[in-house]
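First, the structure itself, so that you have it in front of you.
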Amino acid sequence: MSARLEELLVVAIAGMLDGLGHVAVGAASPIPGAAALLARERSGGRLRVSLLGSERHSAFTDGGRELFDCAGQGRIDAFFLGGAQIDGEANINLVGVGDYPRSKVRFPGSFGSAYMYFVVPRVILFALEHSRRNLVPRVDFVSAPGSSPPNVYRPGGPHALVTGKAIFEFDRARRRFRLCSVHPGHDVDEVRAETGFDFDLAPEVPSTPEPDAVSLALVRGSVGAAIAETYPGFARRVLGIGG
Amino acid sequence: MTAESAATLAARVPDGACIALAPDYSGCSIATILALAARGARELHLVAVPQLGFQGDVLIGAGCVGIVEAAAVSLGEQGAAPRFQAALRAGTIEMRDATCPAIHAALQAAEKGAPFMPLRGVIGSDLVPNRPDWKVIDNPFGVDDPVLVVPALAPDVALLHAPMADREGNVWIGIRRELMLMAHAARRTLVTVEEIVDGRLLDDPALAAGTIPALYVEAVACVPAGARPNGLFGRYPPDRAALAAYAEMARTEEGFAAWLGRQLATPEAVGA
Amino acid sequence: MTAESAATLAARVPDGACIALAPDYSGCSIATILALAARGARELHLVAVPQLGFQGDVLIGAGCVGIVEAAAVSLGEQGAAPRFQAALRAGTIEMRDATCPAIHAALQAAEKGAPFMPLRGVIGSDLVPNRPDWKVIDNPFGVDDPVLVVPALAPDVALLHAPMADREGNVWIGIRRELMLMAHAARRTLVTVEEIVDGRLLDDPALAAGTIPALYVEAVACVPAGARPNGLFGRYPPDRAALAAYAEMARTEEGFAAWLGRQLATPEAVGA
Amino acid sequence: MSARLEELLVVAIAGMLDGLGHVAVGAASPIPGAAALLARERSGGRLRVSLLGSERHSAFTDGGRELFDCAGQGRIDAFFLGGAQIDGEANINLVGVGDYPRSKVRFPGSFGSAYMYFVVPRVILFALEHSRRNLVPRVDFVSAPGSSPPNVYRPGGPHALVTGKAIFEFDRARRRFRLCSVHPGHDVDEVRAETGFDFDLAPEVPSTPEPDAVSLALVRGSVGAAIAETYPGFARRVLGIGG
């Protein structure tokens, strides 16, 4: 059984969460959510997962502010952010394309990114799309900056960028991405051509590993069943779970 | 408490009022939103706690809104908020972009009667230069440690829908404590509920823990299904088909007008 | 979760720890307080949320305390806190006088990960010159408008007693949300409860609204009557006779030693 | 039926609460508590009363901070404070006698006074004792000041001082008390002799009125029954209610 791209991403992201204590996943994030649930299963339940939008996998009882308070307390080790635009310094734009406020294209808005990106130690940027449209030389609006001057309180920041073609790590000292692996069916030249910003290369750039059989079985089994509570469409369409 | 309806609640909201609104997944008084549209409210200042969805788009489409303050505006699964997008393009609303915890912090400052609240992060975001009402100060307890401060935000009105209230005006909201924060921070709180229950919510120790005391509540109207087509936590899921139909119709001004006209012709259609 | 007792909870509190404690009318883990006295804890820094009663006096009398931070210390109806008073006279504890909302604000700052919190009032009180850790700054949004700021206070440990917990470690505290604040603000939370219930508290929408999630809770011990001789909201009233006997015996060091010796000889006496 | 001092005080204080929207009463305050409940009955229930320590007459659901937050929001119109020492500028001391921190006599502490005195418009100082011991020229420790410089945010402050012998109003502009009435059985000279600070006299200083029959009946009836929930000893000893 060969893995679908989404399954490969779930397993790859789960690997970035090994050994952590608490991972939170925002709304509309089925792949990161499944990755977090997979990492939890592999941790024997030691990893705590808070899935926004889930009844079963969210334990907050203090209203909308608790996710942010909890992160501010240092109780969230990893979080996921997207970006309609992401640039080579890991700045993200969730607001709009063109000159703000008269953006040519308007996205929903920054949500909590301008806070979470600063206080969560391991922020994983996730974008299925990988093109010069969304991976740009410079974002048109900085919802949240990828780095900060040394005097700015910032225990958190970007850890990696996961796209539909590749995985980059972010080097906070150099403020640059480093290409770590390319998904099967793609190559470094293609990634370079489709990325609007310059980036470093790891000494070797392997193919992103195919999911191991145990992980893949979990994704298609208990993890898929769990994520189906919050993302029934994803579970059905991608994992073949449920009606 | 006199008998209230969505229309009487809407009549309590003056033009120009600053109104706090909950996210779509929380407690939205869609019935009152439609009543505001019906009476042609004007120049409302919407404060999303912290993001705005269907109810904001309807008010914007109906021409009721002057200012939107939000960390995000969208219809979620149904995509972009079409009337919000159109109003931005037309320049008929002022958008004050924020980030979720900044809105919570500003409301908590008002809740505490504090003049402002500090918030970590945000520095270096383009939100800051676009929010002249925010400032960056030196942390008085640090050295060369800049920190964002946001001024207290006390909305004129918190408008919300909840599963139940009692006859005293106590309102049960469970774990949806952004509704509690809204009620504490706002000067006046207007509520629609699914049902008015007998007895006193505060007398039940379990229910009391999730109850907004009547002290903060100006008026309660019993409007079953008052959140539809949004869902209401613990009661009913969102009506995805109705919301998708809205998203489709509201792509044009004419389509929105037709949609709103149908709602206002048969208000119960919203609750159907 | 491994089987815990008051003694194992006490063992989790290192000497010198900063411990948040609830008022007598809220949830006090007297069983763990006695276990701390039994193990001879030293140099604890007590943070009253916001006032301190019986449990603080016992810890002070047992020589466990270095610093007391509180808006007030007393036995309430039973009068002055005798061991607190004696320790103040002897100069063996450092007292950091505060006012209730300053303690709440400092804990809320920690809850939010904010470096400090502004608070209206207080200026002109002699509390201010005696709290070098507080500052008065200019309101950045005002003109010639001084405002007190207090630094965030994140206790090492929140110690509390509650009516019930489930097997996941979720703890029900109802409307006693100062216990929630303590758990959010403190780095670690240790809890005794009257009972461990079956099922999951968060699955019941009514109970969930008054529940501290296990996320914040390091350990739970089932200790029925663990708050006695204090009362526990919704469960039992304070044992006024036992508290009056304490107040009388604790007027002298010898009397306190005799009282404590009796408690530690038969721990269940406290719960009798 | 002639009134007891406590009953007279209850009715006199209730008169200071007429027309208000919300009165809060702190712990260990049976006379102010009964006064607030009497004012509520006379208002036909329009006056909201929050009695700390009461289950029935307290509606707070947000923990210990809510009283203070509520006051900071401007939702509490009147509150009561005591003072182991009170001086002629309405400064109050709840901390200790002598040089702080080595006070000769230590009281419990300032509680919320340093905040409530600033934000509640009508703070009524209440002290049954009326002597040079507690009414002093200058408090040894200012838990909360009676007045503030004009640039200090202060919507609230002292309104009156009610003792076992007399009632004073506080003149915020002059920063002085003005004797308004003396309770039956006492006179101005005695009040002057027993007060450690100088004060003004109202143009006339009448005797504090005896409770009217309707109010007294309420105090001994429904109000007394209501206050007995929180203060059973007071209700029994003073009002003859309950076992």
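When the chains are written out, they are named A, B, C and D in that same order, and each has its own residue count from 1.
Just so it is clear, a contact is a pair of C-beta atoms (placed from the backbone, for glycine too) under 8 Å apart; a residue touches a chain by one contact, two chains touch by 3 or more.
What you see is a predicted model; the values in this text were computed from it and never measured.
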Touching both subunit C and subunit D (chains): B
Farthest chain relative to subunit B (centres taken as mean CA coordinates): D
Of A-C and A-B, pair with higher C-beta contact tally: A-B
Subunit A and subunit D: spacing of chain centres that average the CA atoms, whole Å: 59
Where subunit A and subunit B are represented by their mean Cα positions, the distance between them in whole Å: 29
Separation of mean Cα positions, subunit C and subunit A [Å, integer]: 40
Gap in Å, rounded to a whole number, between the CA centres of subunit C and subunit B: 36
Sequence positions of subunit B contacting 2 or more other chains: 101, 108, 112-115, 119-120, 145, 147, 175, 177, 180, 208-210
Overlap residues in subunit A, where contacts from two or more other chains coincide: 60-62, 65, 68-69, 72, 119, 153
Overall pattern in which the protein chains touch one another (line/ring/star/complete/other): other
Pairs of chains satisfying the touch condition: A-B, A-C, B-C, B-D, C-D
In the complex, subunit D residues that touch subunit B: 22, 48, 50, 59-62, 65, 68-75, 119, 153
Contacting residues of subunit B [partner subunit A, same complex]: 23, 25-26, 49-51, 70-74, 76-77, 80-81, 85, 88, 91, 95, 97-102, 104, 108, 119-127, 130, 144-147, 175-181
Residues of subunit C touching subunit A in the complex: 110-115, 154, 170, 180, 184-185, 202, 208-216
Subunit B-facing residues of subunit A, complex: 27-28, 53, 60-65, 68-69, 72, 94-95, 100-103, 106, 108-119, 141-145, 148-149, 151-154
Subunit C residues touching subunit B - in the complex, by the definition given at the top: 101, 105, 108-109, 112-120, 135, 137, 139-142, 145, 147, 149, 151, 173-175, 177, 204-210, 233-234
